[in-house]
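Questions regarding the structure given below will be posed in turn.
Order of writing sets the labels: A, B, C, D, E and F. Residues in every chain begin at 1.
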Amino acid sequence: MRILIVNPNTTASMTEKAAQAARAVAGHGTEIVAATSRNGPASIEGHYDGAIAVPGLLLEIRAGQAAGADAAIIACFDDTGLEAARTLADIPVLGLCESALMTAALLAQRFTAVTTLERSRVLIENLVVRYGMGGRAKVRAADIPVLDLEDKDSGALAKLRRQIELALTKDRAEAIVLGCAGMTDLAQLLQREYGVPVVDGVSAAVKQAEALVAQGLTTSKRGSYAAPIAKPYTGSMQAFAPE
Amino acid sequence: MRILIVNPNTTASMTEKAAQAARAVAGHGTEIVAATSRNGPASIEGHYDGAIAVPGLLLEIRAGQAAGADAAIIACFDDTGLEAARTLADIPVLGLCESALMTAALLAQRFTAVTTLERSRVLIENLVVRYGMGGRAKVRAADIPVLDLEDKDSGALAKLRRQIELALTKDRAEAIVLGCAGMTDLAQLLQREYGVPVVDGVSAAVKQAEALVAQGLTTSKRGSYAAPIAKPYTGSMQAFAPE
Amino acid sequence: MRILIVNPNTTASMTEKAAQAARAVAGHGTEIVAATSRNGPASIEGHYDGAIAVPGLLLEIRAGQAAGADAAIIACFDDTGLEAARTLADIPVLGLCESALMTAALLAQRFTAVTTLERSRVLIENLVVRYGMGGRAKVRAADIPVLDLEDKDSGALAKLRRQIELALTKDRAEAIVLGCAGMTDLAQLLQREYGVPVVDGVSAAVKQAEALVAQGLTTSKRGSYAAPIAKPYTGSMQAFAPE
Amino acid sequence: MRILIVNPNTTASMTEKAAQAARAVAGHGTEIVAATSRNGPASIEGHYDGAIAVPGLLLEIRAGQAAGADAAIIACFDDTGLEAARTLADIPVLGLCESALMTAALLAQRFTAVTTLERSRVLIENLVVRYGMGGRAKVRAADIPVLDLEDKDSGALAKLRRQIELALTKDRAEAIVLGCAGMTDLAQLLQREYGVPVVDGVSAAVKQAEALVAQGLTTSKRGSYAAPIAKPYTGSMQAFAPE
Amino acid sequence: MRILIVNPNTTASMTEKAAQAARAVAGHGTEIVAATSRNGPASIEGHYDGAIAVPGLLLEIRAGQAAGADAAIIACFDDTGLEAARTLADIPVLGLCESALMTAALLAQRFTAVTTLERSRVLIENLVVRYGMGGRAKVRAADIPVLDLEDKDSGALAKLRRQIELALTKDRAEAIVLGCAGMTDLAQLLQREYGVPVVDGVSAAVKQAEALVAQGLTTSKRGSYAAPIAKPYTGSMQAFAPE
Amino acid sequence: MRILIVNPNTTASMTEKAAQAARAVAGHGTEIVAATSRNGPASIEGHYDGAIAVPGLLLEIRAGQAAGADAAIIACFDDTGLEAARTLADIPVLGLCESALMTAALLAQRFTAVTTLERSRVLIENLVVRYGMGGRAKVRAADIPVLDLEDKDSGALAKLRRQIELALTKDRAEAIVLGCAGMTDLAQLLQREYGVPVVDGVSAAVKQAEALVAQGLTTSKRGSYAAPIAKPYTGSMQAFAPE
């Protein structure tokens, strides 16, 4: 089984980190293939970055599926482009936020996702509501620029710890969800430290991808995710035209 | 006051129709400027078309704001790219679905939006929930390819009538919302015919845009719509980098 | 176009203030006509005042419609009598709370309405839920008796500022809604001061009224707002009998 | 214990029917006192009738409390004026809809309220949502003018049966709520006929009133139902001024 | 009328306290019969205790119904086994949480239930949501082991007062619900002390039971509470087989 | 990795069927151990059967954990005893309904669970709401006694097909969830037949169990699932006392 992880931002060190996390949990016989978007922002911080990242992301998913991937993961906690990718692809597509929230829901009745910047907080709160977790999950922002997570000396970990502690005491969180693909290497450390489940989206998505493939399940093509209808695409988007 | 209407698909006849509808309701002193996306699909039918249409749409909004527009309207009922546009622009940005649902809510306690294809139905139902109308608005699909609305002989109007009639009898709709920018020319005809309010998204959005400008209100830049952070953008998306 | 603003309390200075705010945003060719209820309480503070104010309010709306008004506004943030007025009138009727919340929703994903007294807070929270904004809007009370807003030396403005500051820091409000018709003159001052959109209900309602009239839309008479059925009315309410 | 039942419409035969139903379920030592509003519509059909009925209703509650009533019931399924009455009175005040829905909720997981006219249906659906029953209760209208319930030959019972049968088969109702004070005499007949619980609002409210009085409980005066603040009331509403 | 109160834990002093509270509010002619479970935990603190308590509880309800009870009450605020009991019995069955929340809802728009241990808090929050009170009721835990309520010197009352005070100031509670059967003797004391309604679940359930019996209402056997289907039961559960 | 599947009813043929389905999807190195409850009903049809099945189920989970299981699955679509089991065990515990709904949510925006009997329908609808899927999942009952699924000639499959067809046409289901452990062998057949994803709860739960174990995650012991507190248990439940 081959699982494609696409980093929808263009920062290769984050891709590498996600690939490592993925390989650490992948099952026997699962091959992890990682791709970094070649077209878009260096990090996804808010709605604008996210929207512009989507075409580059979809290119990688299309290429990955053509190259034989059995499932794809979008390695951004905003689940950027998830619905478009499910519409495009025949293979299952997973997002980090959806996968992580569902995983946390199997472990705890109340939990908190800690993300990077305040501007991403409402965006993730909207996903929480949409995925049906509005009554049990809260979202906090640790005031960490995404790329600071790549720099050990940025103070990012201390800020993250502070929000986890507030989650445990103020939100009555029974588990923590790490709300950025760039935090994936911290899950085990923090789980040991706080003694509650700490869910990483990359790991969660890999296991969901494996689960779907093993069950012979893929995205329904009846209704909202039906394959794109053939039509002219114009200008710089010409290459995206469905056949 | 200058209001920019951007058609996020590349079909100029739909832009023209929207511009006419806009001019018909625009207030004294409002200038309507219409732009057609030059990069993207010929029509937006489902999540994939919508996602790919966004960069082309954002280009037009950026250009329109630079040219002095006081507000912008995204002329697609899916509210494609609305959040990204609000993040990008300093001027107010309106979507057809949001504007039309809010308008209908001032006129009726129950109403139904009739859109084109089944694949757009869940997408719009999700918007309905997100805009807080889940308890009072239903969505129907008339099985009309979007571009058939440009062709008088396509049978599209008969299909639309059929769904309106079902909305009135089965959904207990007290008002109808036309769920596609391409239906904008039919609102008055259908309102006379059925004797209930028939809301067109283009008209609704124009009046909301005027309303915001007249009140000196624009998108909040505190929190989720904060302006994009300067950072490198790569490849075909380089031109989108925020400054 | 003639828009009637009815103050459902009997304090003429509040009517005057609302009329001024209305005229400041009214479009070219819009005439603002203001009426003060002649039957009811001097201010509306809670459910009882509100219920007793309704017949006096409806009298003014009936008279205003007979005199040629194209739309009516109920100038109280509790939206007192809004449903009854929509049932009675053939012209569109707007409430301040509904209009202001919908306006704020076009500008921000999270916002807070600041009202006067604690006793009105739950009442407005119930409206927030009913209008579908329960997930994004909060309500605060500034502990200001309504008529103190008419007195520059009452300390009301300082109390209001205190709650706005809490809204911005604690509620993560991205915009502020002024939750009383008597605060209408403060919107611009506070918007400049805090750098976020500050929405005034009177202004918002005027623009919604204009929007509906320009679109040829009025309250649906199918279903819940159907015109009153002719029947005997008795005693002091005899004059209210529908014909 | 003395329980006051106020019929907020002016039709004395409906008051009498409600009083009989009340006496049939009243506990040992409970005295039922019935009053008919002297100011307002002959029946309450929709928002307008309901709003105009409130002052006349409040007069009777104020008089009843002064005369020693221990609790009051508003004998209309729309719960007209319930919040204002709770604000006014020191004794508990019950509405038929709220009491009946809560009673049905103790007996069944799904149930349907059958009301009279279509125009009351959305109004009652809104109450259902507000009382927290939106997920389990449906509302149907039997197309019966309220006063037809006073006339044995009106065909009203057949229409009511038709909707009950649809509720059982289509809504999967496990119990039925009679959605009009004028249906109170039919509950036992229909319960025998259909073999499911049939809840009458008058009976339910009497037992809730007794329950509260026996427990020494009355409306909280902290927060939203705080007693009206003394202030001038003007014109025809002068008599309603709180002291 | 005979009302059976079953204490689903095995601590007889709690049964006695509940029986006393029940007799204090019972109507003329109501006989209160109390039973203590003979099979299960000494107190119910969390999901596990609750699940194991159910068979012992159902035995007592079955026996009580056979002995002529007209209604049954499960004297635990977790409403442990309520649905199974309603399925089993032909007589109405009441839970403390459901009865108390519904009673509080007739008195206040916002209220808070104060329970014993943190581990019961989410469980009760889930009931609050399920009973439709999610928008108006909050839950607090006072950190009191259940059996400490039987010991006057345990400091339990001080902890309870602390949470009530926080409920009034932080939650804007207009009424308090005592969230444990063991607190039943404190309701009147605390109501006098704080000047807001304090609802006790045992008292509330007794009055709801009387109300249903007086109205000739019992659990619907159509749908979700249909009587158990005869089938083999095995091992230690053999005695529970439906006939 | 060893995964324990407990059939909470006493019918061994259903256990065997579940074990086969589990083995078909289990990953390399996963051992499936199946246990049949020895204490309880032969099938779980409604609330009463479910409640009585719990102690027998918990015995098997306790024994399985002691014998080295790494995760446990409760093989009943009602998720009977799931919360108690999570409280009891240190290893992750999965339910079929929760696992299947979450799996379907990754594949489709609308889906329908088809269960056996009408009496289980509301119970599962309540789970759907609790798991946050109320807006996207519907439940249908095929009128099949659970044990008929063990008999090829019972006509059960035809009834199931009928409801799947209604789900696709009336509910706009994009995927189907099989709502009973006894249907586990039909998933692949029906998926091929209808061309939409057909999710089986046993398979879904096995993959979720593997996913949690691989990630080093288990139920949070902070808050609502905290381990049972040591205390006396009496009578037939003595053996269940936590240590």
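Quick note on the criterion: a residue touches a chain if its C-beta (ideal position, glycine included) is under 8 Å from a C-beta of that chain, and two chains touch if they have at least 3 such contacts.
Here's who's who by UniProt: A, B, C, D, E, F = Hydantoin racemase.
The structure presented is a predicted model; accordingly, all values stated were derived computationally and were not measured.
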Q | chain C (Hydantoin racemase) and chain F (Hydantoin racemase): spacing of chain centres that average the CA atoms, whole Å | A | 52
Q.
Taking the mean of the C-alpha atoms as each chain's centre, how many Å separate chain B (Hydantoin racemase) from chain F (Hydantoin racemase)?
A. 44
Q | Separation of mean Cα positions, chain E (Hydantoin racemase) and chain D (Hydantoin racemase) [Å, integer] | A | 28
Q) If you look at chain A (Hydantoin racemase), which of its residues touch at least two other chains? A) 109-110, 118, 121-122, 126, 134-135, 172, 223-225
Q | Chain-level touch network, classified as line, ring, star, complete or other | A | other
Q. Which two-chain combinations touch?
A. A-B, A-C, A-E, A-F, B-C, B-D, B-F, C-D, C-E, D-E, D-F, E-F
Q. In the complex formed with chain C (Hydantoin racemase), which residues of chain A (Hydantoin racemase) make contact?
A. 118, 121-122, 126, 129, 134
Q) What part of chain D (Hydantoin racemase) is in contact with chain E (Hydantoin racemase) in the complex they form? A) 25, 27-29, 92, 94, 98-99, 102-103, 105-110, 131-136, 168, 172, 174-175, 188, 191, 195-197, 199-200, 203-204, 207-208, 210-212, 214-220, 222-225
**Q.** Touching residues (chain side chain C (Hydantoin racemase), partner chain A (Hydantoin racemase)) in the complex
**A.** 109-110, 135, 172
(Q) Touching residues of chain B (Hydantoin racemase) toward chain A (Hydantoin racemase) in the complex: what are they? (A) 10, 37-43, 45-56, 58, 81, 83-84, 86-88, 118-119, 121-123, 126, 130, 145, 223-226, 228-229, 231-237, 240-242
